[in-house]
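Taking it in order: structure first as C-alpha cells, then the write-up.
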Amino acid sequence: MTDATTPAIVRKDGRAVDQLRPVTIERGWSDQAEGSALISFGKTRVLCTASFTNGVPRWKTGSGKGWVTAEYAMLPRSTNDRMDRESVKGRIGGRTHEISRLIGRSLRAVVDMKALGENTIVIDCDVLQADGGTRTAAITGAYVALADALEWARGKKFIGQKSQPLIDSVSAVSVGIIDGEPMLDLAYVEDVRAETDMNVVVTGRGLFVEVQGTAEGAPFDRRELDSLLDLAVGGAAELAALQRSALDAVAGA
Amino acid sequence: MTDATTPAIVRKDGRAVDQLRPVTIERGWSDQAEGSALISFGKTRVLCTASFTNGVPRWKTGSGKGWVTAEYAMLPRSTNDRMDRESVKGRIGGRTHEISRLIGRSLRAVVDMKALGENTIVIDCDVLQADGGTRTAAITGAYVALADALEWARGKKFIGQKSQPLIDSVSAVSVGIIDGEPMLDLAYVEDVRAETDMNVVVTGRGLFVEVQGTAEGAPFDRRELDSLLDLAVGGAAELAALQRSALDAVAGA
Amino acid sequence: MTDATTPAIVRKDGRAVDQLRPVTIERGWSDQAEGSALISFGKTRVLCTASFTNGVPRWKTGSGKGWVTAEYAMLPRSTNDRMDRESVKGRIGGRTHEISRLIGRSLRAVVDMKALGENTIVIDCDVLQADGGTRTAAITGAYVALADALEWARGKKFIGQKSQPLIDSVSAVSVGIIDGEPMLDLAYVEDVRAETDMNVVVTGRGLFVEVQGTAEGAPFDRRELDSLLDLAVGGAAELAALQRSALDAVAGA
Amino acid sequence: MTDATTPAIVRKDGRAVDQLRPVTIERGWSDQAEGSALISFGKTRVLCTASFTNGVPRWKTGSGKGWVTAEYAMLPRSTNDRMDRESVKGRIGGRTHEISRLIGRSLRAVVDMKALGENTIVIDCDVLQADGGTRTAAITGAYVALADALEWARGKKFIGQKSQPLIDSVSAVSVGIIDGEPMLDLAYVEDVRAETDMNVVVTGRGLFVEVQGTAEGAPFDRRELDSLLDLAVGGAAELAALQRSALDAVAGA
Amino acid sequence: MTDATTPAIVRKDGRAVDQLRPVTIERGWSDQAEGSALISFGKTRVLCTASFTNGVPRWKTGSGKGWVTAEYAMLPRSTNDRMDRESVKGRIGGRTHEISRLIGRSLRAVVDMKALGENTIVIDCDVLQADGGTRTAAITGAYVALADALEWARGKKFIGQKSQPLIDSVSAVSVGIIDGEPMLDLAYVEDVRAETDMNVVVTGRGLFVEVQGTAEGAPFDRRELDSLLDLAVGGAAELAALQRSALDAVAGA
Amino acid sequence: MTDATTPAIVRKDGRAVDQLRPVTIERGWSDQAEGSALISFGKTRVLCTASFTNGVPRWKTGSGKGWVTAEYAMLPRSTNDRMDRESVKGRIGGRTHEISRLIGRSLRAVVDMKALGENTIVIDCDVLQADGGTRTAAITGAYVALADALEWARGKKFIGQKSQPLIDSVSAVSVGIIDGEPMLDLAYVEDVRAETDMNVVVTGRGLFVEVQGTAEGAPFDRRELDSLLDLAVGGAAELAALQRSALDAVAGA
C-alpha cells in the first residue's frame, strides 16, 4: 500500500496497514457439535458450531441434494454497551438477518450439494466478544467447523467415503479506507471511523464469493476499490493458510 | 462486452448486453406524499413516496442534523406466485430488511444532514409488480421522490432557502454474468440463471456508494468483477440522465 | 333526498348528495395476477388482484367446494399522515382485520363454492391512495379481479366449461349523515364529519350482503336509516353498471 | 312475526320467535373492579368489569375529555370445543378485534366525554361460557358495569357531583333469519343455521347505535331487513328495562 | 406454631396462623367442559376446566400413554389494578409460564399415563378474582375438574371401565413467614409482606410433589423451612378432604 | 448418604454421591463487561457477564435503591440436539423465563439495594455447553461476575467507597434421587433419570434463598427431602469456597 521510501503508517494497535490481527482457531471446542471452532480475530471471538442432520427441508426433499444454512447472533454483552437480546425483543434485526444470510451463501459457495446428499448442516456463529470483523471471523471459523462436521459424517457413513462435498475453502476479511488510507482487518475503533467499509469473501483458490462495499462517509472511486480488493485478497490468503494448518492438526489436541 | 466483429448477443427480450430495459418515471404520482415517483424498469414497477416530518429520532435530537431512512416491501401478488404478507406472518424477512437498509444507506450517501437540519424523511418503496431489479428501481425512483420532498420543504421554509441537502444524485442498477457473459439490468428470468449477481449504487458524479456482488453459482475472478463494474457504471449514467430529465419537467404535468 | 323545489345541497367537491365520485376501473393492471383491477373512487385508489390456486385449505379438503378469501392493507403513505407498516409493528390492527373479513364475506356471498370446485382464490386489496371509501372501492374492484380470475381458470380448464361460480355481482358504497343530511360515497373530509356512517354491500340484483351502520356522533332513528339505505341501493346500482362495462371491454385493451 | 291464526313457531328451546332467553344480571360480581356485572343470556355468561383510572391516553391529554374503551375475549373452554388462547398464539384474531371495537363504540355512543372529564374507563368483557350472542350480552352487561364505575367515580369526586356522563343507556341483541323466519336472540345452534345474522345496538330511547347485518347464506331483501329491525328494537326495549331494574337494586345486595 | 400459653396471633382477617381461608368448590360450573370447578380460597376465585380429547401430541403418538397439560391466566381486572392482557401484549409473561408449568407437573404426578391411554387432557385455570394463592387454588380446583373429566371419559368408554388413571389426589397451599411467624394460606396483603414465601404441592397420601420456597426478604434457615413444611402438610390435608367431599357430592347438584 | 460399611455407590463418571463435578471459574473472561466469569461444572460451561449502568428502571426512579436482574439463554448447539433459537421462534420459552427469574431473585437476595444506590446491574448467563446443572452453574458464576462489577463501580466512584452492596455470597447446586439414592450435582444423564430433582440456592452463611424440589417420577417424603437438603448444603459450601478463592485471585491473572 505504501511505497518503500514512505515510513509505514502505524495503526493504533501497532499493525501495518496490510496486517491481520492475531488469529487463533480453537478447533473442536464443543463436545456436543459435529464440528466446531472458537475463532479469534484479535479481541473478536466467535464460537462456530456445525450441526449435521440427515434429511433436508421439505422444499429440497427428493432432490438428491443437501443444504447448508447459517445463523449468526451476538451475546448481549459481547459489545461495549449491552444490547437487548433479540429473543426478548421478539424479533430479529436487519443486521442479524443480513449477516446470517451472508454466512450461509459464503459456505454454500464451496459445497457440492450433490456430494453432500440429502443432509443438512446448520452453522451457528455466536459472537462471544465483538471488536470489529465479527462476520468475517464467523465465516472463517465456520468453514473449519463445517469441514469437521463433514469429516464426522464421512466417519458415520452418512456421506460416501469417496464423496468430497468441499470443493474449495472459504474465508473472509474486512477492508476499509481510513483517512484516505486502505487498511486490512479493521478493529472496532477503526471500523467506526472508516469512510468506506468492505467485506470480501474469498475462496482458497483466490476467487470472489462476495464483495460488499459500502461508502459510510464519502463515495469511493474505482482506484480505491481496486486497492481494497488487493488488500482483501492478500489477507484472505493468509486466513486460508491458517485454516489449513488448523485442519491439519489433530482435532481437539 | 463483445468485440466489433462478433454479432451482439441478443437477450430474451431483444436487448443488447449493455442495454437497460425501458425506464419510465411518473413523478408526483401521489396526492398525499411530499414527494413521489412511480418508476418502471421494464415490467418492474415500484411506487416510491417521500414523507417529510419535522424533528428527528430521539438519538439524533439536538445534533442539528437530519435523518433519512427507507422501507421496502413487496405487494403479495407483485410476483408470479403469491407471497404471504409479512404483516400476516408477523415478522419481516431477512431480504426485506436487507433491501430497506440498502436503500436508506444509498440515499443518505447523497444527503448533507447538516443542510437538512433536524428533519426526517422516510422513503417508502412498495413494489407493485416485480420482474427483477426491484431494489435498483427502488433506489433510482426514491431519489426522485426525495428530491421533490426537499423542494417541498424548501417551499414550506422547513429548510433554508439556500440550503442544498442534496450533494449529488444517486441511482442503482443490477449486473450479472449469464452463461459467462456480463449483462446489464437483469430481468427476473435472467436473474435466476445468473452465476454472479451484482447490485451497484452509483452517484451522478460516477462514484460508488455500494458494490454488492454475490456468486450465486461459481465464484468469480477479478476480470469478471471489472467487466461487471464497467457495465454498471455505464447503466447508472443513463439512469442519472433520466432522473435529471424527470426532475427538470414540471411535476405532475 | 331533497324535494324538487329546494336547491340541491352542494358538497365540497361540487357533487349532489346522491352522486358518486368519478369511478375508474383499470382492469388487467397486473401482468402477474390471474385477475386484477386498479379501481379509483375519486382520489381513492385500490389495487385489487385475484390469485387462483388449485386446492383448498386443509379444513375444506374433500368437501368438493372452493374457497375465496381476501386481505386488505394500506400502503404507509396512502394517507395524509404516514402510518407505520403493520409488518414493522409485527401485528395486524383491528381495522385491517375487520375490513379483510368484510371483503371476503362480500365476495363469498356471490360465489357458488360447488361450481368453483376445490380451488382457492385469494383477493389482495392494497390501498395505494386513501381518500375515504377504501373498503367499498376494494369490494367493488375485487369483484372485477375475481371475475377475471374465474375466466382465466375456465380457460385453463381448472373449472368446468359450463360451471359458473359467479351467481351475482357485488359492489359496495358508503353513505352517511352530515349536518343532518344523508349523502352518498363519502370522501375523507366528509367521513370524519359524519354523524352516522354506513357501508352497504349490495348484489347486482339489489339484495343486501352487508349493512354496517355506525353512529359516530349521535344515534340515528329508523327514518334516517331508511334514507341511507335508499341512497346506498342507488349508488350500488351505478357501480354494478360500471363493473359490467369494465368486464364487457376487452381486458387490458 | 306470525299472524294471529298461525300457531306460533316453537324454537328448539321452546321460545317464541320474538322471545329473549332468560336474562340475569349479577351486578357487583367483582370485589376488585369499580363496576362489574356477570350477565347471562341463557347459557351465555359474560363477566364485565369497568376499570376507572384518572387521566387519558396521550392523544387526548389536554382535551378536557375522557375516554372509554373495551376489550373482549373468550376463555379457551367457554365453547364446546376448546380454542387456543390468543395469548399463546401471540396474536389477537380478527373476530376478537372486531367485537372489542364494537363494544367500545357502543358504550361511547352514550357517554358525554366532556362530563367524564380526563378520565379513562376500560371495560373488559370476558366470556366465561358461550352459547351464541356473546357480543350482545357483553354490551348489555358492560353498560351496567360502566354505570356503576361512574357512580363510584362520583363518590370519589373524580367526576363532579352534578356531572352526568351517561346520556342514555345502551343494550344489544342479535336477530337472524332461520328457514325464512326472523327470530330474536339466537342461541348457538340457531346462529350456525341462520341465513342472515344481525347484531343491533339500541339506546334506551330506542335509537340505533350500530346495525350490523350479514348475509351468511343468501343475500336479504329490504322487507326482511325491516322485520329484523322490528324484532331487535322490541328485544332491546326489554333489555333496557332489565338494566334499569338491576341498577335500581342495591348493588351487591 | 405458637405454644399453648401464648395467645394466638390474630391475622388481619381474624384467622389463626394455621387456618385456611374459607374454601368453596363449585363442581360442574361449566356446561361445556368435560370437567370443571369454580374454586374459592377466600376472595381468590379460579375457574378450572378440563378438556378431554382423543389422541396425544405428535411426540407421544404410539407410546400408548396419555398427556395432561395446563394453562393458567388471569383476567385483566382480577387484580386490584388492571393488568394488560397477555394476548394484547403478544407474549406470555414469565410468571404465567411458570405457573402453567407448575400446575401441569402437579397434576401429572398423580396420573398414570398408561391407564389414561393415548388421550389428552388440557386443564385451563383462569383467575376470575385474585387475592393471593391463585396458583394453589388453581391446582386444588384443577384436580376436581380432572377427576370429573376422567369420569366422563370412562362413561364415554374413551378409557377402560377398570382403568383408574388417578393414582392419588393432589392439592396445594401457600405458606410464608411474616414478621418472623410462619403462616398458612397467605392472602394478598400478607403475601406482599412475607419474608419467605413457599408453595407446596402435596398428594392425598401426604407426599410432596413440589416444594418451591423463595426468600423474598431475608434468606431462611432449616428450622424455618421445617415449620413451613409442617404448616403446609396440615393445610393440604384439609384441602384433600374438601376435594373428596366435593367429588362425593352429586355433580351439578 | 452411604454408611461406612457399604461400598460407596459409584456414579457413571466415577464420582461419589456427595461429590461435585470439577468446577472451574475463569474470572474476567470478557474484555467488555464490568464483571464476568466463565464457569464450568464438568462439561457444563456458562459465560456470565455483569453489566453496570447508572440509573434504574422507571418504576424504581427516586427510590434511592438499585436493581439487579438476570437473563439466561442457551446457545442453540449447547445441547446434544440442536435447539431452535428463541429469537428465531420470536418468543421466549417458559423454561428460559423461569430460570432467568430464578437467577435474578437469587442474586437480589444477597444485594443491599440501598447500598447499590440508583444503579442497575444486568447479569447475562449464556450457556455455551450444557450437561446438566446449567442454572446452578449460572447462579454460581453470576455471583462472581456481580462481585467484580461492584468492585469496578466502586473504583469508578459510582457507588460509595464505604458502601458494601454485597451482604453475603450465593451459590447453587442441584440434587436429586436416582434409583432411590440422593445424589449431588447431577450431570445430564443423571438428571433425565432422577425421580426427584431439586435446585437449592444457598448463601455463603448457609441460609436458603431458594428451594425448588420437583417430583419428576414418584412424589417424595419428608425424609428424602431432608437428605437432599443435607447434600445441597454441603455442595453449596464447597462452591462458596471456590467463589472466594476465585475472587481472592488477581482478576484476569
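As written, the chains take the letters A, B, C, D, E and F, and residue 1 is the first residue of each chain.
In the analysis below, a contact is a pair of C-beta atoms (placed from the backbone, for glycine too) under 8 Å apart; a residue touches a chain by one contact, two chains touch by 3 or more.
Values in this document were obtained by computation on a predicted structure and should not be read as measured data.
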Intersection of contact partners for subunit B and subunit F
A
Taking shared numbers over all numbers used, above half giving same and below half different, the subunit E and subunit F interface sides are same
Going by more than half of the contact pairs matching by residue number, which of B-C, C-D or A-F reproduces the interface of E-F?
C-D
On a CA-centroid basis, which chain has its centre farthest from subunit D's?
A
Could you grab the centroid distance between subunit A and subunit B? Build each centroid from C-alpha atoms only and quote it in angstrom.
29
Distance between chain centroids, defined by C-alpha means - subunit D, subunit E (Å):
33
For subunit B paired with subunit E, centre-to-centre distance based on mean C-alpha positions, whole Å:
60
Where subunit D touches two or more other chains, by residue:
90-92
Are the chains arranged, by touching, as a line, ring, star, complete graph, or other?
ring
Give every residue of subunit A touching subunit F within the complex, in rising order.
30-33, 36, 43, 47, 49, 51, 53, 71, 73, 75-80, 82, 85-92, 96, 122, 124, 126, 128-131
In their shared complex, subunit A is touched by residues of subunit B numbered 91-95, 97-98, 100-101, 105, 109, 168, 198, 203, 205, 207-215, 218-222, 225, 229
